[in-house]
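Take this structure first; my questions come after.
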Amino acid sequence: MSESMRIHHHFEIRWGMVIDIDKCTGCGACVVACQAENNIPPNPDPFDRMRDPHWLIVYKLSNHKKFPEHDTAYLPRPCMQCGNPSCASVCPVIATTKDEEGGIVSQIYPRCIGCRYCMAACPYHSRVFNWFDPVWPEGMDKTLTPFVSTRPRGVVEKCTFCHHRWQIAKEEARKRGENPMHLDEQAYIPACAEVCPTGAIHFGDLHNPEHIVHKLARSPYAFRILENLGTEPQVYYLSRRDWVRKQGDNHFRQEEKKNS
Amino acid sequence: MPDTQFIPEGVRRCPFSQFLIWIGFLGLILLWGLIAAALIWYKGLWVTGLDNYFGFGLWIVFDLAVIALGAGAFFTGFLTYILRIDQLKNIINLAVVIGFLCYSGAMIILALDIGQPLRAWFGYWHPNVHSMLTEVIFCITCYLIILSIEFVPLILENRQLKKISLLDHLAHNFHIYMPLFAGVGTFLSFFHQGSLGGMYGVLFGRPFVFRDGFFIWPWTFFLFILSAIASGPVFTMLIAALIEKITGRKLVDFRVKALMGKISGFLLCIYLFFKILDTWAWATGTLPKMGFSFDEMFNRHYGQGLLWAELGLCGLLPALMLIIPKVRNTPGLLYSAAILTCIGVIINRFVFTVQALAIPVMPFDQWALYIPTWTEWATSLMVVAYSALVISLAYRYLPLFPQEKALQKP
Amino acid sequence: MSKKKKIGLLPFAAGFAAALVFGWNIFPQILYSNKGQPTTFSHTGHLNHTQKDLQDLDCVDCHYYRADGSFAGTPSLESCAECHNEPLTGVPSEQTFVSEYVKKDKQVPWNTYQGQPDNVYFSHIAHDTYECTECHQDMENADSLPPYYENKLTGYSRDIMKMHECERCHARENTSNACYLCHK
Amino acid sequence: MALDRRGFLMFLAGGAAGSVLTPTAWKLTDDISIWTQNWPWIPRIPTGALDEKPSVLKLGSAEYGLKIKRVNKQPITASGNPNHPLSLGGIDALGAASVQLMYSPSRIQQPMIKNDQGQFKPIAWSKALELLAGLLKPLQGQTDALACVSGDSTGSSREVFSKFLRAMGSPHVYLQPADGLAQNRVWNDLMQGQGRLGFDLENSDLLLVLEPDLLDTWGATVKNQKVFGRGKTELIYAGALQNSTAAVARSWLPIHPGSSGHLALALAYCLFKQGLEPRPVPKGFREYREFVRTHYTPDQAARKTGLSAQAIQNLAQKLQQASRPLIISGSTTGEGAPGFPFFAGLSLNLLLKRINTSGGITCLPGPETVLDPAGGPSIENSQDFCGYIQDCATGKIKSPEILFVHEANPAYALPDTRKTTDFFDTVPFTVNFSQFMDETAARSDLLLPNPYFLERLDDSFTPFGSAMNNYSLSLPVTQSGVDAKPTSDLLIALASTLDHDLGVRSYAELLRKKCRRLGADWGRLTSGETWTSGKTLSQSGLTLWNQPIASMCRAQMTGTPQATPGLVLEANRKTGSSRTGLPPFGLKAHLEEELSGALAAVRINRQTAEQMNVRNGQAVTLTTQAGSIQARILLDEGVVTNTVAVPTGFGHTALDMFSQNKGGNANSLLSLSCEPGSGLCSGTAFEVQVSIAS
């Protein structure tokens, strides 16, 4: 990629996630917690990735070997909060940006005009369009959270790393008279990472050596999805299984072909 | 005929009743499209075939195609007013009308395509200067204004309007400044044709369309300009031929058409030279660098046949036909080559829009398939019908073809 | 011909004037409705309390930060009922307040002059160093509640701060204007 | 001055020019775009004070502590309670969806009674109680006239039910079948063990899981996941299906469905070969060893399990080398199995001296009971509900006149759906205390809704799987949005109408008494803390072989290796529990391949597909002796050859739109059969036919 197309930001804090695939059982608790936390409406129909709003989904990976050599793994996929997001620069109306400390890619629903250019730009399918107005069954709308506004049809949305939880953590720090920019590792954790029963999802500041993600992201077993594209995701994955790591990027497929 | 006094002097038009039937036919298509449009606005975009994988579909293909083919307007204007190729004056009016229709049609489609049409003006009020789409929005809008200005003097030349001295005077003045408008239009068009290509070329998350480039412009920026100016003239010429066929009257000298074909032919050669070079570099350089192989870009729905059709059957073949004088001067072959050229550009815009989104980028993702629904077809056809309607009216009531009178004389 | 032209200008002027009058005068009246407040409230009455032990009643006694640092905003019914469980003063509006809300355990549906849209996040505690009146109307000296105008189209208060005002101050103070600072 | 056309046009032009200088157009344009973010038909979000309240999940699945986040005291989201020993901050998909499930459209809004036309009509609580008392009165003292099935095996409500039924003269109190109950019955009745079994996964260094989905549905699932997540325990999974546990286990050992008992005994064989000798020697050890030696040579075992003799020997070696191995056996869904696999697994643990040691099996004292004489034999060890249905069907026991259904949906969840629903049709009057209009409620005659667990006070004593005894309160976090009354209180009131004294005046009093008996602190319990006790029961007289065990094991020998495709059921918490139906937010946690359209996927591997001549994505009908369901074929190499993996939790015909019209009920494929020796009744399926759906 030509250098001019990269947008470089430097942030003091770089919120990041490290997901240990070898610990993910695909139980779906993160997906459920994400929907509840972020006011993503339920749909009585079976899940349709093409039309249903979703911020976090779990992919099932296969090593493509025959029984009994077969192996399977689960890969939860939030928004990658790319260091060099392919989505933000293309938005014609500045509805999505990567301009805030922490490096979370923002998505502003009342600004979005629904052109879907960002969706075309994102190779992770992290962005979804609201094809329908959101509907909760009668009474269930009482469980709407105050954290995220409901989105009308016609706008794009995506995972925010539960950005509101950072806001809340900063308020709490201010109330305690602490520096809101120096939070405890536990002060700000997205809903998916908080509920994960096996602790597969780690979260923290990738720049802060005191945070576990700082270390995990540098593990020899760490990889990011589609690193070859230059998106520089802030979501890392861990797996000790070679075949899983190879499925993180197309680079390996190419090499495999060369070797064979 | 009740509308005789509006019809340009010295030309013959079909009976008013026959004209009404034609208009009525177009009206039905328009109505069908309007129903679809109302449905889309009322119910939302889920009534289309678009989904989270295919944020862009038929509409964007349609928009890109008509804008490419509408390039005949700016490029013919450029050749006529700036390079002073006088022969083209005989077809420039039609080129302007077609340009106007292509751009206004694209705008109508865009109003349907965006999820929040009531916020459409955000594109002007909150522009993101880094986005190629912003460049497109501004250029298209400005250029549509220019095209409207270019269209106005033609309207003012209507027999009845001309009687009003003020309007006549106005029309005359417009003509004087036409080179200026043509120049500005050329500049604007040049940029937005390019930025439409740039829109895709910058998508570094989509290996199929991503291209390196020059400064902030990926190679697709230049390729889209070239392909547009290569196909625009023959499209204009084809429409002229189509009108002749329908009305059964000679309207434009065949030499003018052949000239348009020649212009297109040479441009097409230049375009293909770079396009093939680009495709080669992409297949052997860009793709492997991103971890992909050429074969992975195609499947049974979006096959390599599309690529070979685009480059060979609808690229090299018509290019050759158009630059060989003997072939180009045979009407049947000229028109065939022109049609192939237009199809080639449409395929190009289609694969860049749809195939680009169908290809799995994540290794564990899967190919997706896009099938437009009737609402998308209806609204696209609505724009075609709207264009046919405007051209029909323009042909009937405006001096669209300066040569018409001369050509009717035996 | 010239006479005709003279007359021609008059309708133009009339139309021009009518548009001005409509746009500046009538249109706002159509756009906003004065919704007022569900019940009356006197800030001065509470702050200059006659009762001895309540004389040092302060703004923050009702408008306080919660333990988690969020701002409580308009006091809840429970806060009001701490004192006004029964009518204390004999003021008729207080009596209706007690009978209509306290006794029925119904929250008062106060209209918030600065009630921002759902998609806006605002942290009071982050703006703690500023005077309330930099953004809010001065209520400390108000005996009654000002009228509340609601935009019929958007449903928002007429008096809310618009985004460009937030941005202007943030720019002036050299604070980030990142979208996510204020949107959710 | 007359206004001519020109004048009018000029007026309009003036108006247009003037408008540009007023805010009208600009303001309207802006406001319209603001209106689009605020459409009146889009729900608003709340504002207000946030707080968190502890509770305990009680939905018929793993029970653990929750933290319920509230805004203005309205519950909004659930997460795990870090202070609860079975959650440690973790949560499963069902728990995470539990707040929203409270607002399921299938909630029963008020007491209802079925009229002659079979439609439910609202009825006042007082009328309903009066009616019920009237029906119960003449049945007093009749042994078989009243029966009760409950899905709550940890709450004190079962004491209330027990006491109530005893007062009425009926012994027929049953629990929904579950792995925990079956395991304890094998332990107590067959092996002469004391207490209830706990599993100290935390301190084990090698976990051999024989079929149960340890990390999704078995035992204290969330705690299991937490333990696994710490990465200190090696996990080996043996089963017919690469399920959640297998996906993350160090290795997956594919075995024929239902053959885990054979594998366990084959491992015992290998251990004996290496000279293993348990101390003290359990009763019947020699006979047991003889049986194993005769029937479980590696070659025989390989035939029975589908695993190679070498693999079995390697595994045995691994077990022997581990310092704190633990074998977990049970069913793939956690909802009950024959006694054989439990026995086989437990015997292996016994041989490896894993009883009452760190990282082994703990024998926990049973629950303290408050209501005498419910303190007698604990009801969970009595016969299970499946057996009761079987006995009623064969006429061994007279069918009840009145059946109480509490926190259970047997008409859907029991194996052999046809037989179960037939049973329900024979019961003249069914009283249902369900929260949801589920399949059983729809077949009931009187609905007396119990509040949802987040709306009532309840308790939870040592859910199955927990290594130590614990007691916590499920606290109400909101007022009930429907006209429901807590069932336990209702029964206490009903008893006094019938002139019986259950010993407490309210359920709260019962819980307080229980708390006192345990020596727990009520104040700390109500603040969300958990009482725990590490006390275990020492064992004497453990038995490895006796008459019932012998007949149970011998019965296994008659079965032939599978000739026709076998069936393996899988369960997921994102599909809910046997009691809830699909939670609204669970649907999006399903992969698209698992559920599409009205069909759920059944998985087979490529080789099986070729044998059956079916293709990926094809709609098929699965048929067994018991029934048939529609499904879609999904090729998955993570399934043993000649085996069909069928998901449970689908195929609801009642409940809400989230549960309905999705897949088929796997339970309807199972035939109910009772095991010789143990007497445990469970569902089995053989001879599954797969045919392409027309």
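Should a chain be cited, it is by its letter among A, B, C and D, assigned in written order, with residues numbered from 1 in that chain.
Criterion: a contact is a pair of C-beta atoms (placed from the backbone, for glycine too) under 8 Å apart; a residue touches a chain by one contact, two chains touch by 3 or more.
None of these values were measured; they are calculated from a predicted model.
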Centre-most chain, if every chain is reduced to its averaged C-alpha atoms: A
Contact-richer chain pair [A-D vs A-C]: A-D
Chain A-chain D separation of Cα centroids, rounded to whole Å: 31
Mean-CA-position distance for chain C and chain A (Å): 38
For chain B paired with chain C, centre-to-centre distance based on mean C-alpha positions, whole Å: 52
Separation of chain A from chain B, taking each centre as the mean of its C-alpha atoms, in whole Å: 39
Where chain C touches two or more other chains, by residue: 68, 70, 117-119
Per-residue overlap in chain A, given as positions that touch at least 2 other chains: 49, 59, 94, 109-111, 133, 147-150, 152, 154, 168
Residue numbers of chain B (touch at least two other chains): 116, 119, 122
Pairwise chain contacts, counting only pairs that touch as defined: A-B, A-C, A-D, B-D, C-D
Complex contact set, residues of chain B against chain D: 116, 118-119, 121-122
Of chain D, residues touching chain C in the complex: 1, 3, 6-8, 10-19, 21-24, 27-28, 31-32, 34-35, 37-38, 40, 44-45, 47-50
List of chain D residues in touch with chain A within their complex: 34, 36-37, 39, 41-48, 50, 69, 71, 74-80, 89-93, 95-97, 99-100, 102-105, 215-216, 221-222, 225-226, 228-231, 242, 244-248, 252, 254, 481, 572-574, 583-593, 595-597, 605-607, 636-641, 656-658, 662
Chain B contact footprint on chain D (complex, rising order): 29, 32-33, 35-36
Contact footprint of chain D on chain A as seen in their complex: 22-29, 31-33, 35-37, 39-40, 42-49, 52, 54, 57-60, 62, 65-74, 109-110, 133-134, 136-152, 154, 168, 191, 194-200
